[in-house]
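Order of writing sets the labels: A, B, C and D. Residues in every chain begin at 1.
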Amino acid sequence: MAPKAHAADATPATTHTLIIDTDPGADDVIALLFAMASPEQLKIQALTTVAGNVPLSKTSRNARLAREWAKRPDIAIYAGAPRPLLRTPIYAADIHGSEGITGVKVHEPSQPLAEGNAVDYLIRTLRAAPEKSVTLAMLGPETNLALALTQAPDITRGLRELVLMGGAHFNGGNITPTAEFNVFADPHAAEIVLKSGVPITMLPLDLTHKVLTSPERIAKLRGLGNQAGRTVADILDAYVQHDMQYYGLPGGPVHDATVVAYLLQPSLFKGRKVNVEVDSREGLGFGQTVVDWYGGLKKPANVNWIAEGDAQGFFDLLTQRISRLP
Amino acid sequence: MAPKAHAADATPATTHTLIIDTDPGADDVIALLFAMASPEQLKIQALTTVAGNVPLSKTSRNARLAREWAKRPDIAIYAGAPRPLLRTPIYAADIHGSEGITGVKVHEPSQPLAEGNAVDYLIRTLRAAPEKSVTLAMLGPETNLALALTQAPDITRGLRELVLMGGAHFNGGNITPTAEFNVFADPHAAEIVLKSGVPITMLPLDLTHKVLTSPERIAKLRGLGNQAGRTVADILDAYVQHDMQYYGLPGGPVHDATVVAYLLQPSLFKGRKVNVEVDSREGLGFGQTVVDWYGGLKKPANVNWIAEGDAQGFFDLLTQRISRLP
Amino acid sequence: MAPKAHAADATPATTHTLIIDTDPGADDVIALLFAMASPEQLKIQALTTVAGNVPLSKTSRNARLAREWAKRPDIAIYAGAPRPLLRTPIYAADIHGSEGITGVKVHEPSQPLAEGNAVDYLIRTLRAAPEKSVTLAMLGPETNLALALTQAPDITRGLRELVLMGGAHFNGGNITPTAEFNVFADPHAAEIVLKSGVPITMLPLDLTHKVLTSPERIAKLRGLGNQAGRTVADILDAYVQHDMQYYGLPGGPVHDATVVAYLLQPSLFKGRKVNVEVDSREGLGFGQTVVDWYGGLKKPANVNWIAEGDAQGFFDLLTQRISRLP
Amino acid sequence: MAPKAHAADATPATTHTLIIDTDPGADDVIALLFAMASPEQLKIQALTTVAGNVPLSKTSRNARLAREWAKRPDIAIYAGAPRPLLRTPIYAADIHGSEGITGVKVHEPSQPLAEGNAVDYLIRTLRAAPEKSVTLAMLGPETNLALALTQAPDITRGLRELVLMGGAHFNGGNITPTAEFNVFADPHAAEIVLKSGVPITMLPLDLTHKVLTSPERIAKLRGLGNQAGRTVADILDAYVQHDMQYYGLPGGPVHDATVVAYLLQPSLFKGRKVNVEVDSREGLGFGQTVVDWYGGLKKPANVNWIAEGDAQGFFDLLTQRISRLP
């Protein structure tokens, strides 16, 4: 697989003017380090945080920790919605720990949040942006963008694409038998986003449960010699335990980090343009993404649903980029 | 009834620091004139507009028209959400005309909207306000407040009370057999507001369909001798036709204006503290307010549901206040 | 009112070939006595029982008690469905007592149930009946007919009309804020029946909460001098307590008995042909009948919804007929 | 694989006192021939038919055709429910042809249906049967058993097991993105059956889409030298076209026939005891079986969900049994 990753490095690099909306979350932290280590491709305008894996104060603190670890004080962080639109808030502390990051010690970073709310920031920035210029990477519940879209539907004009980790079809869910956590944590927000008309790429459990850690892959990260490599390895060692046990998998997924890999090197992934809707009614299918994989419903395709990926290519790229960090 | 209204005038007046959220709408315009004619009781901080009876551009224009007619250039008007949270937008042009005001000519007022969005205005103002100091009168779909509450739940602290026109129980609905328009136009927003924990007074169809115009009541307004009286009479003459015919009523309701009367003289009304929930699932009960009038569900009372009012007292008060306008 | 009832007696009597489906239930027992006392008008083919106010074994026992009290051994009683189609069974022992009849002692009657199931009986009888010949009075949850209609949709041919006690619109519900007991106890069955295409007359809470007992009305029954009069008075004295207290009514409704009065003397009642649907989704509106009273939905009218009745005429007729019994 | 099938033949044979509920349907016909060719193991009491792939008159005719082809006049066939409980009827003529059998000519068989309804037959037979003695194979929508269970819940006593083709989890649906046809055609019936407490084995699309025809497998059937082999091959040749094209599969599934193979030789299959519920609410998940494969919901296991099978073993067994027919 090494030649493949090499070949990808040789192709003209994809670049994005990028905002990352995130609820760190262990895998979010890895995704953020991954992204912040790729400045030549990802022009990160800001991070925006949302309640999700843990409450907003902790997701915001964890985003600031990732920024500190990546030594990227130039990136502003805006806190957004502290709760979902309608549903009772849920968190995932059983997976991400009560602090939202597994395997490492957390502290209060010195650099504060930016003034103002993430929703305002999104509206202001997307309105001022050239047409179809900004990519929004979404690593948590989609509450912030849903609020912005309802208040200011015209902001879709500034968006180039949404690339989001979320949903599940053939894989089944990870928080209920049918639902993936990010969508389940705010299904109404997901519904608003999926109906927005903006081009969307989704990286669901169907993909992320095929891009799994192995002891060798984690060892390679740990052996990079820098602090970031050790941090990522420590986080992963703790984070993948639950999923390996629960699903009987040989390794664990690193969900959100696949979004960054997709932004950097889309050729690592394969998807299909399909119709995706979310079931936002409480009950058995609450938060399920319903994917018309075979096109039987004859509804318009609104999502590029990524179902396959080059797992070794992913870990090679992640490892290479993490190696650049302090 | 005149003595009764007289007596009310003699009692110590209720005063409110007030924001009015509105979707004018014929009855909204009357409510706004009514409120703007009562400056000694209602310290109006701003009007905020929302899509509802007609699209946002027209509700905002109509709010500005009402401000011009009342000669109250001191009152800022902020436009808010152009669409409901999740549902397909609906309007009520069959009742309010394509311009949103029946019976009068509309024009483009010279005074513009204030800069900024109504949702931001609500968040900023309620955060800065002393605890429990601001009353919010809500005359349309509750989208703006729902967005503000989700983005910034802490704003409940600044709110004294929500007084809103909306819902129906014993009366049945006016847009479906079970749903009242304001709630039906954004049931998810209503759900967020009803669950917010803020003290709420609702003036539903159960009340407004008992506070009806009559030829004499409209004639009294027309005969006041001022332009505002003629305008209100013209609006009402056209506006009440539909309801009188559809429901077989002897006169028509002036829904939103009852909110202003309640703010000015609550003794004109009788209610009960009850549990109210909204059915936000598409289907037969979509947008219905479910009122536990007899307390059988043993759920906490979250609404003061106004079911009775002094119709003559209402029209006396309205007429008296309209008489003060140009 | 006496002349009115007299006049009604003078009109050519309505007659019915009748099956009564019932879940006795205190008011069912009164309805059954009322019907069995009217043999010149109501040719009762059989009673069929269903779980409802109390479990099936008790509703069947109570139907047999009513038959014994009316000395009508000629009427067969078939037990039907012991549970609703899909929902968790509910009963109403708080209203009807644990035995299903208030105010009187119950015992095991000697005459047994007929062999066979009520659903089979309905299918067999309605198939064999001349076209549009059989009236089905429904005094409980509509499970039996729903099962029969699904198994044998052709049985609609033999039905003249369904006359059923159930539903609520302007009145609100009696088991939830929106639902009436009979419909709530099996909303899916009610949905099947309402969609069956058979002519339906519904006597809902909108009617029955206007046809109330008074001490005088009960005293007249008690003073008839026969056992049946004393029994009905004893049942009513106990049965109406709950409703008088809960709703603050001056007397209590005798729901199911209004169905018999309608069969005997329809001129006592006023209704409107409207579209009625039932909300069969669990949640706030579960079991609610949604009545399009003003025709706004433009759906076909499937129900004659009785909203008004001559209360004194009802009690006069009931008293007169009960006087004929032992 | 031949040795494996051989080994299975050597093990003590599983035997069943069997009723087959079916909606033929091309794959039903093959399943029926398969079962009727195995009299030493399957003591078929009767076939019961239900509306499903095509309307009831055609499913009943097709069941009689299969009986004629298998020369089993000893087996009675009872027609059951002509429509589902609540949902609008749907059929699958695009898959099974307008006559419900692909690839062969149909005619009216001379042997008629048995007198009486399938629902009555099920109630009567299961009541009279020794405890846990009767296996019910269900090859279509589960309407008949749902009706029987509601009318007579005590019949569960006579049932040994339900073995049913239906549902989908990891595979996705075949009639909507989430629903399999048999469940989708009457989700409410499926809900009743899944909650019945009877031991259930389900053979879902997760299995049947792994047990696929191939040209060789069909050729082997055709080459048996008897009429039944040619008939099954003709049916399959036509039947598998749609699925091979739509799903891009190398062969087509023979859904219902896997139920018979499971009855004859359960060692060909692997499953897991899990909790399965059906979403019976109209909307995105209508008719979906929600399978808690990893046990995260901690609800009781009500289904043995078959997810894997020995495809060659299946076709070997099918071919061997079909060879016994005329």
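Here, a contact is a pair of C-beta atoms (placed from the backbone, for glycine too) under 8 Å apart; a residue touches a chain by one contact, two chains touch by 3 or more.
All values reported here derive from a predicted model rather than from experimental measurement.
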Chain-contact steps, minimal, separating chain C from chain A: 2
Chain whose average C-alpha position is farthest from chain B's own: D
Mean-CA-position distance for chain D and chain A (Å): 43
Chain B-chain D separation of Cα centroids, rounded to whole Å: 59
Contacts with 2+ other chains: residues of chain C: 281
Pairwise touch network: line, ring, star, complete, or other: ring
Contact set on chain D toward chain C in their complex: 80-86, 117, 119-120, 123, 143, 147, 150-153, 188, 191-192, 280-281
Residues on chain B engaged by chain C in the complex (per definition of touch): 169-172, 176-178, 246-247, 277-279, 281, 283-285, 288, 290-294, 296-297
